[in-house]
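Listed below are the structures to be examined.
In the two assemblies presented below, chain A is common to both, partnered first by chain B and then by chain C.
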Partner chain A sequence: MLSTIVKPLIVALLLAGPAAAHGAFVDVEKLDAVGIQARYDTGAAMAGAQVAVFAPDNPAQPWLTGMTDADGRFVFAPDDRPGRWAVQVRQAGHGAIGYLEIGADGVASAFIAPATAAGLTWTQRALMIASVLWGCIGTALYFRPTRRIRQA
Partner chain B sequence: MHVPDGILPLGMTLGGWAVAAGLTAVCLNRIAAQPDPREGLPRASMMTAAFFAASLIHIPVPPSSVHLILSGLMGAMLGWYAVPAILIGLALQAVMFGHGGLTTLGVNGVILGLPALGAFALTRGLGHVTHPVAAALVSFATGAGAVALAVTLFAMVLLAGLPAHLDAGAERAAIMALALAHLPLACAEGLIVAAVLGFLRRTNPEMIGAR
Partner chain C sequence: MTLHRHALCTIFATTLAMATSAAAEGSLALFANGEALATEGFVAPELTRDGWELRFEHIFVTLAGVSALQTDPPYDAETGGTPAATITVAFEDAAQMTIDLTDTDADGRVLLGTVAAPEGHYNAVTWSVVPAQSGDWAGQSMVLIGTATRDGQSVDFTLTSSDRHDYICGEYVGEARKGFVTGGAEADLELTFHLDHVFGRLDRGDADQMNIGAVGFDAFAAGGVQQIVLAGLHIGHVGEGHCAVNYR
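Moving on, here comes the complex of A and B:
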């Protein structure tokens, strides 16, 4: 009779494993973290965008995945693997990949973001647009029918 | 609504290039078969400029913003010239402003080129409609339908190329929200095409009916 009660109890305790413990501990350590902020080229934050961090030795499988906050921010602490870490942020098919170089001493160098219109001033944008428009106008003028000129 | 670099798997980007190359070859053949292929180049060049600049005009559609696409107008105005013009415009946007990407140029060319050819077919097929209201409705459908088709292709490509590590549910919801945000744009582009073609019908009818 006793064994029919005790045996299941022992089995249950063994299966319960760590959950049988009542105490819990949290270890805190200070890490060197990397923070990014993802924005569209309109300046709007990419809120709730999906983030995938790729370690230098495995560019196929993400080392970490997560989501940006309402301001488009995401913070992670890479381990000490040196090399080029890639951080991809995407939302509804839009997104970008930035790279972070971590040296052999474990120190991260500057984050290399891809060139987008977000880093351009309005003057630069206007000049670039004007140059393209002028190129198109020049092309149109070059290929315009020359009948009128011949008649003149 | 340009797919940037690094979003799609390699196979899809290569496939996009292959389809875009095929589309371009067909269009160039059709252009070469015309009596004077150079005749359409000035118009194609000016429309490329409009296409290039249009993508930089953002229209706020809360909570996000969309930009003009003009595939329908390109197809209605340029016909077979539309696909090469769109590819050139996309390449310039990718190189100068980082809109889209060079690896995804083929995919983006297909996403915007096919609706342009659809608009061309609709404009040519219903070119005999002369009643002003009916013609305006056809033009509206051309512009709006091209945006709807482009958004549909965009969503299909993205959904087909979702990587395994991504939260598929969240990405599907984001794509759906983006597609819905393009509904007002479809109406706006329908109105643009109706206004432009309506104006040309009154002032310069031979400019319509791209060949």
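Moving on, here comes the complex of A and C:
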């Protein structure tokens, strides 16, 4: 008797799950972000390449993984751990690693930008460094400060 | 009593210092490999850029000056120059060593050596490919022996190179980051020989930058013992990571 009541109740609760919620929320906040751009020595973008980001206090295990976009770009927002962050980009047997130093004051500086072979021009290097700096400053716009949005 | 306390404190401090000192050192193993192209050969679809299947009996490489470095800042192989090493560990007792990239362990690697190493991240490697001072192939730095096959035609070949290449490489790049030595534990690093930079890869297409620079095998189709110039082909890597190279 009990079973005939309890079992359907449990099933109903399980099925209810997410549907029991009556709304969804998106919290949007402004963050400092870092952008990288990966390219081959031919100048071609490393589109769709594997990206692994390593935090300073656990440099052997990826803190974040992802993929570059069609222009070889990847944007991430490191947390407040100061030290040397590393960003590794790999694709089809080619790979490179770049580093970013984040000070205790949260200011970032790039050491080596990801690229995959010798022969880069100074223009290309400047472009890559500019890309990183753009990531530190300009990406704040990407994460616009807004109010909480509710979708019912 | 006070004297005893001092003695005990001294023993404790000494023991602690020894323990701390011991914990500050681990070991670092260095391997070389020629990837599957060395052990399994260039087989379809990964034929040479001009369509040859290659199988190797031996790939002899003579190495010298092999060292792993902790550098700060990290070495930028694209810029080149001298790495800012804070710690350097050397991997050879003799002046040089000759290895065979086809004679590997189960993981396809050749162990060059294991050395005691202070803790830290070994994020750079230096090494040279040099002409052998003695042995059957004295005067040669690399010797590739095998069989090439295309369209039912097979030729036995021995390709010799006397080029000297000096490599300064940054951090190993691969499936996992490597070179983190911690107290009492072993870490490893790899020197990686990219043979497709020599012979190219048919499956990559003619427009691939590597294929444009690669020699291919047509030039050696007559078989026998022939010289091959490897200068400029960027064979040496650290995993997928690139190195600054000087050819002599």
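The criterion applied here is as follows: the second predicted complex is superposed on the first by the 95 of 152 C-alpha atoms of A that agree within 3 Å, B and C clash if a C-alpha of one lies under 4 Å from a C-alpha of the other, contacts with A are read in each partner's own complex, and residues count from 1 in each chain.
The working rule: a contact is a pair of C-beta atoms (placed from the backbone, for glycine too) under 8 Å apart; a residue touches a chain by one contact, two chains touch by 3 or more.
Keep in mind it's a predicted model, so treat the numbers as computed, not measured.
Legend: residue contacts after superposition of the two complexes on their common chain; A:59 is shown touching chain C, with no touch to chain B. Looking at the shared chain after the overlay, A:94 reaches both chain B and chain C. By the touch criterion defined above, A:42 reaches both chain B and chain C. Touched residues of chain A, counted separately for chain B and chain C, are more numerous for B. When the two complexes are superposed on chain A, the residues of chain A that touch both chain B and chain C are 40-42, 88, 90, 93-97, 115-117, 120.
Chain B meets chain A in the complex at residues 1, 3-7, 38-39, 41-43, 45-46, 48-49, 52-53, 56, 58, 64-65, 92, 96-99, 154-155, 157-158, 165-167, 170-171, 174-175, 177-178. Put simply, chain A touches chain C in their complex at residues 40-42, 54, 59-60, 86, 88, 90, 93-97, 99, 111-112, 115-118, 120. Interface residues of chain C facing chain A in the complex, by the touch rule stated above, are 73-74, 76-78, 80, 121, 170-171, 173-174, 176-177, 180, 194, 196, 209, 234, 239-242, 244-245. Against chain B, in their complex, chain A makes its touches with residues 40-42, 44, 48, 50, 52, 61-62, 65, 67, 88, 90-97, 114-117, 120, 125, 128-129, 132-133, 136-137, 139-141, 143-145.
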